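Got some structures for you, see below.
Shared between the two complexes below is subunit A, which has subunit B as its partner in the first and subunit C in the second.
Here is the complex of A and B:
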């Protein structure tokens, strides 16, 4: 099976020993995941590859454009972590941050094609396209998706959605293309953010301020219970680091989730649109996956 | 998208959509029913598969009745594309896949999010990218709006992207009205910004300056094409197919045009400097 359930006992000692992953910035997250001492950042802040478009709109740039490329090792094997910084423009994908992610995946693909496997990890923390760079963000996301589909044939591409921003927009499609997805209870994965749905379809369609409802639809627990992600972990550096390593140890799944067309069309045909909710979906999905 | 789309997504207009008009013109009779039309048809002497997303008033999911990409649209796009890949699995010359693009948005709905719209759209992305990697020339022909996640799912993985230079064709990450609201700007201010910030502009001419289009087709009526105009489009598609067969099966060609070198210079610079730093160890 391609689905791995990584559940950990929440003992009192374990809770005390936890180190929050969510509270870390992108750079610290990448460092925390890689083998100790192996972290080396590429195109870091001192390279000053910044957005050419934000200054034209009076918006202050960030020297890494909100994307961190960290080369290093996982279980001693060459690896690269791509970490999106939610503190800069909501983790949105602009020309430069998007190009950093796409270019890295393209390079890893070339390495893999030459027989030098590199383990790619993407830390999704993003609302999707950066609207101030609109079409260039969208173009970069298409290139990221193209690279994941090609790369996934050589090595598992592992995605992590820790929170608190979650993963939305075109990047939610990129996440869905990953070989394995790991999420926390705080994480959310969906195409349109709740506010966007409320704005476009009205509050009767979705009340974006109803947090319980939102998490029952797109929260980490629901996504794990319905197989739309592979592992549910606590907000803990050690657990997330272990889950990422376990995913690579498992190797490539025989079939990616996004390739299971007949399976999902069959499930969808059984849905009653008038009655479907989080609980009904869990029942239907789990009954069918037996 | 806009407030007007709120009503239109529940009540599709009765006139034929651009996606339907161009499917009828280029492919003829569909072998599938709405919301995803697909069929094999002749293109300059060879068989090509044409795929279009059209309004589906009978759609079970009420937020996806218009020409949007919802759950069924995403999975059925994937199904149609994968059927072509399988049919040509042992063929030496893979048949072209032509995505006719007229999608105003992804579906905005509670059920869509719950049931994994992101995965349905990813399945379509995966199928188109896999077709391209398998050697199918994948060509997107933009005949209407090509918006955001809907365009990612239906068209943006193509080897070559063509567009009609006609009112109503556009590529963007968010509808004009919604983008104005979210960025707290007036529509006028947003349009003015598009004059200098090319990736924010809504015109197809501005999009063409990003180097992402291989051909902006002039002089064609997008709503009521004459047979001569349809021939112009067929020739453009056929030329794009031939061109795609000569090129690589990845998307690297999007960064090579003079337009891309000018307006996607940062995308190119990131790749150049990353390659240097990657090796330096």
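Here is the complex of A and C:
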């Protein structure tokens, strides 16, 4: 075999050996991350904790409101995985799904304060607030953000953005507050989604159908290259599960990214909005802070 | 959105409860829980109005083979009859699987 053929064969086998994380639903993702056999769901579909607002607007509910709360273990330590189901209403955060996530984080905080550490993992797959629930969803996102900030003083809060929806809106701010963020090449992290920018500012500003452009700005590789996430992994259950465990093994970072306010303000001040692109941002963000 | 209710005779208790599917585009979620008595009840919430007769045809066929006494709740987001039939079969498979 030629060298190219050997390379091709090994890549092919490596790809076949992978188990896609992206293709899993929220419940299966949570189960796949936790130690084998430790998954237990709280407030599952049979508890019928649904959105009271969607039926009033003629929209069919999902029995778990798109948020899966899983209790279990990671490397033998108590853990919770909060997984958002992207197929239901774009993974949007409503009053109920948001409250499920916020309340779990608050309970984990209470455990940590009592000296019983629980490892929190959030699987972000969300367009942000559920527009049909407006301020109630936003209020829940604020509670999630406050809980992450309070919790990260005790234990690393680990976020995963696997794709393909990505993580946007208020939940992108929640993700940015996490101690560690893990992303795949397919994942995206940004405040406003490309479609929203195109709709509001025009196609001259941003062509949302230009996938290469979009991923060069907010895709996983770019976010990793600019230090806005901590780990870039393949779309593979084993790799993501290992990255989550490694993040907890590392312990709390000395300084959270969101505490480096002066550093990021300094970088932002040096951005020329007319000329910034993916490559320019990499260059700027990787300079030593002045 | 439309809500539909159906009832069918049952001859045995259903297996354990089962949850399959997702309320995503072209898909549906099914919650199957055992009932006491000799009847199966189906409660459907669907995003597509006016297909009561099609739902009845799919369920009539399903209940020629399924005889468990169960409450079957369906949250539908525009699934085709084929997808509905597959999800129903999947729900029964999970419900009857004794290794779970």
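In the analysis below, the second predicted complex is superposed on the first by the 275 of 290 C-alpha atoms of A that agree within 3 Å, B and C clash if a C-alpha of one lies under 4 Å from a C-alpha of the other, contacts with A are read in each partner's own complex, and residues count from 1 in each chain.
Here is the rule we use: a residue touches a chain if its C-beta (ideal position, glycine included) is under 8 Å from a C-beta of that chain, and two chains touch if they have at least 3 such contacts.
From a predicted model like this one, the values you see are computed outputs, not experimental measurements.
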Looking at the overlay, what does A:196 touch: subunit B (first), subunit C (second), both, or neither? first
Have a look at where A:88 lands relative to subunit B and subunit C in the superposition and call it first, second, both or neither. second
I want to verify the contact counts: of subunit B and subunit C, which reaches more residues of subunit A? B
Subunit B versus subunit C as contact partner of A:37, first or second or both or neither: neither
Residues of subunit A that touch subunit B when the two form their complex: 40, 42-43, 47, 49, 51-53, 56-57, 69, 71, 95-96, 98-100, 103-104, 106-107, 128-129, 131-143, 145-146, 149-150, 169-170, 172-177, 189-192, 196-197, 199-202, 205-206, 217-218, 222, 226, 228, 256-262, 264-265, 268, 271, 273, 276-278, 281
Interface with subunit A, subunit B side, in the complex: residues 1, 5-6, 9, 60-63, 71-72, 75-76, 78-79, 82, 105-106, 108-123, 125-127, 129-130, 132-133, 148-149, 151-153, 156-157, 171-174, 178-179, 181-183, 193, 196-201, 207, 210, 212, 250-252, 254, 264-267, 269-271, 273-275, 277-278, 281
Okay, in this complex, where on subunit A does subunit C touch? 25, 44-46, 55, 58-63, 85, 87-89
Footprint of subunit A on subunit C - complex, ascending: 1, 17, 19, 22-25, 27, 29, 31, 33, 45-47, 73, 75-77
